[in-house]
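Contents: one structure, followed by commentary.
To keep things simple, chains are lettered A, B and C as they appear, and every chain counts its residues starting from 1.
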Amino acid sequence: MDQLVINLLNGISSGLLLFMLSSGLTLIFSMMGVLNFAHASFYLLGAYFAYTLTGLVGFWPALLLAPLLAGAAGALFERSALRRVHKFGHVPELLITFGLSYVILELVQLVWGRSTVPFAAPAALEGPAFTLIQSASHGFSLVWGVAPPELCSAAGDICSRFPRTRAFMMAVALLMLLAVWLLLTRTRIGLVIQAALTHPEMAESLGHNVPRVFMLVFGSGCALAGLAGVIGGITFVTEPNMAAIGPIIFAVIVIGGMGSLPGAFLGSLLVGLLQTMPLTIDKSLVDLAARVGWIVDAGNWLYPVLKITLAQAAPILPYLLLVLILIFRPKGLLGTREG
Amino acid sequence: MAAHSFRFKPWNVGRWLIWGLFALGLAVAPLLWQSGFALTMLSQIGIAIVACLAYNVLLGQGGMLSFGHAVYSGLGSFLAIHTLNMASAGQLALPVSLVPLVGGVAGLFFAALLGYVTTKKAGTTFAMITLGIGELVWSMSLMLPEFFGGEGGVTGNRVVGKPLLGISFGPQIQVYYLIAVYCFVCTVAMFAVTRTPLGRMLNAVRDNPERVEFIGYSTQRVRFIAFMISGFFAGIAGGLGALNFEIVTAEVVGAARSGAYLLFVFLGGATFFFGPIIGAVLMVVALVLLSEWTKAWLLYLGLIFLFMVMYAPGGVASLIMMNLRVAAYGKLRRLWVAYLALAGTSLGVLGGIAVMIEMVYHVQLNPALGPQMTLLGATLDARGLDSWFGAAFVVLISGALFELTRRSFQRQWGDVQEEIEREIKRREALT
Amino acid sequence: MTHAIELLDVRKSFGKTEIIRGTSLAVNAGERVAIIGPNGAGKSTLFNLISGRFGLTSGEIKLNGERIDGLKPYEVNRRGLARSFQVSNLFVRLSVFENIRCAVLWSLGYRYAFWKFLADLTDANERAEEVLRMIRLDRRRDVLAMNLTYAEQRALEIGITIAGGASVILLDEPTAGMSKSETQRFVQLIREVTAGKTLLTVEHDMGVVFGLADKIAVLVYGEVLAYDEPEAVRANPRVQEAYLGSVSADHAAGH
């Protein structure tokens, strides 16, 4: 039971991390029509920038500075390269961000090497946020922080820990969501962004510097990705392969509906849960068949497929969901635009 | 008897000439470059040509950007090698030369299966779907070792049974000629498709998918059929690869390979039919040779790609065609000095930057070897200030000179284009 | 008798806004109907509904007696209705000839064939040449569509529309943005190429309307205010009040 709770929380926190990434991507896509293929690269950059900055100024300043650096890099790219390609259409825009993803990956590997770097969480975020204890004698209880060892040592006691870094991830993600929503709906710049979304020429003729708005939006999206990178860096391993989260983000936004922020939220949570919850289920379709009395053995030609446990299949579940959504609801769950 | 109207249809000599030269080139290449290494490269180029042309059916002709092309060539490879193994085991009486066709059928099958869902959407969403399906298949490859062979992949032996007319496909040269035949036939076939109603409607879908629907065609159906054609030829390329390497590992369906197809078809030029052929050659040269010469090859590739997207989105093919047009009007001679200057100065800039990149790579990735390194015969101290100053100096001076020559070139190019436009108008007025 | 096009209480809402509010119209075969009305009245929307680009909220649309509401654009086109666009919607990287040939292919039954060569399709090629001559672009045969002048693009737009041999033609502001002389030539072109067909055209130029149309439908705020012969419409007081008043004053003043 407590394992279930922890798993659920893990899934939700993963989903919120995915949302931090997919929201930035959706903002850029909605505002500019550009799908930033290099979005996961800015996630990567955020983690590595934070790693270096933490060594220089400590984690908490790095938490602020690394996203800003990532955002600045994004804005610079928009200004120097992406802008030139706007006039060619959406496909070249996607292609140029595709090229950028290669370049960033190589540069990161060049500067920081190809293996993992020891980016550790600060002391305040080390250890569990809370521990759930399933005890044979005392029943179900919750202890903040680390549980004293005697509560876990008795036979039949199970202690499940929820890491502080993950709790921090959830908190930052929710704060970020709130901040972005407030920015877009309650501030002048947000209003300008909303206007430039649908009527860029009009917004420009009203005196707003639309190219600058675009640069700002692209930079902000990259900064959000960078922020996610800082959090991801301390929670997971910081390595060049972090950028592999990219395809999952794209699956998320297609599932949720391209260009829809609520859709990105829903899609992120769904995918986060899909990736995490099955990990505990070591059963496969063979086992399921056995329950209803149908024995599938190694001779059956479908056996290789059916013997895959749910836990093993976890990586492809988001993509299976993608295919299903495309068949039954091509617009995406909450989509409004036709991509 | 009524007189038939006389229709003069001259033989299109140019067309026969070009195809003839292509066939000749394929046939004669191994005689010009005779080393074993060259033969391997030529074989790989032949395979890559089929794969890249198949990719361009989607990209250049249909306007569909796919990030998952390797799925179809890769699945073709796997099915081909399994078929080969079945033939070796005597379970299937299939000549080895037809194994690539099995790959093609596999590619067609999977394109039909997955393509229906994929082509429901267009543009960026289509691209994302292909990416997702690519990841799906890649992840499945790790989960189904029975089919995908696990870590070691699936191996096979292309020598099956007795040799027919002395052909056993054991020696590489025989495999090369098999590849060459397939390459020629597939290229002709794909070119032929571009001259059919479907091929033309595919171009129409690329240019204006909405309008297509108002002239009676279902855009999705056109895309779906094109997807299947692309998958078929990709599968053939995969099958050829299975025969050539006699081993198929999971990376043939991976994102890196899909990315390589995209990168090099774009570099070669997606807007002309022969662009992907150039791209295929570049791909094999880069993946085989460049990766040997420098560790920074992927960085170079990424940067070149970025520049191409920004300044030459039509790829190498478009650059060639632009200059051919200038030559056709007899004006290329005027530009050669400018071209020479551009080439020289850009070489300086690129060379200097390359030296700096190489030095950084050397320091980062080969620390055990110490700071000394040799590049193109010269000894450099990667940590030494003078090497860095030297490189920076070269870059700056060349950069300044490049900018000067570029402006002059742009002026000359503009003049030439104007003259050509005037000439075109003059000729039009005459007809 | 079966009308060529019939609209029965057609309604279309975008979100909460009702753009077309219960329009009914019946056009007989061979008639030329001009649809006029102020900007935002829903004229283009009506065309989009008829041609299948948008779906209806309610009502019926019939083509030669058969219901076509809810069909995809290509299904509507295959039943004999073709439309042009207000902003030229061409295949920009194909030549003029190729543009027209594409428009001809389905009507000649070639469908998705990838086993026949275009060069061998004599009927398609001849029909395309014929249309090319009709729209007077035969001298620009091999020019890419994106390199044409504005008027040439509008002519090609019409060419693509009529090439398939549809019996019902919808032209959306065909003379938009043209000069006086170009407009006059165009009206003549339209008369020639739509001879014997049913024509619906959205127009703002009253000269064109009164010169070309057998009947005029006046669309204001998504409703048909009047549908009658030109003179009757001109005299209709409701129409004058809603739309025509200032325009006919301009006309009388000799614009």
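In this section, a residue touches a chain if its C-beta (ideal position, glycine included) is under 8 Å from a C-beta of that chain, and two chains touch if they have at least 3 such contacts.
Values in this document were obtained by computation on a predicted structure and should not be read as measured data.
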Exercise for review: Identify the chains in contact with chain B as well as chain C, in label order.
Suggested key: none
Exercise for review: Point out which chain occupies the most central position, where each centre is the mean of Cα atoms.
Suggested key: B
**Study point:** chain B and chain C: spacing of chain centres that average the CA atoms, whole Å
**Key:** 44
Practice item. Calculate how many whole Å lie between the centre of chain A and the centre of chain B, each centre taken as the average of the chain's C-alpha atoms. Key: 33
Revision key, fill the gap. dist(centroid_CA(chain A), centroid_CA(chain C)) in Å evaluates to 49
Study note, to complete from the structure: Per the touch rule, the chain C residues reaching chain B in their complex are 51, 53, 72-74, 77-78, 82-83, 85, 89-94, 98, 101-103, 105-107, 110-119, 121, 139, 160, 163-164
Practice item. Report the residues of chain A in contact with chain B in the complex, numbered from low to high. Key: 29, 35, 81, 84-85, 88, 90-92, 94-96, 98-100, 102-103, 105-107, 110-111, 113-114, 247-248, 250-251, 253-254, 258, 304-305, 308, 312-313, 315-316, 319-320, 322-323, 326-327, 330, 338-339
Exercise for review: Provide the residue numbers of chain B that touch chain A in the complex, in ascending order.
Suggested key: 63, 65, 117-118, 120-129, 131-136, 139-140, 143-147, 255, 259, 262-263, 266, 296, 298-299, 301-303, 305-306, 309-310, 313, 360-361, 364-365
Point to revise | Contacting residues of chain B [partner chain C, same complex] | key: 192-193, 195-201, 203-204, 206-208, 210-218, 221-222, 225, 229, 428, 431
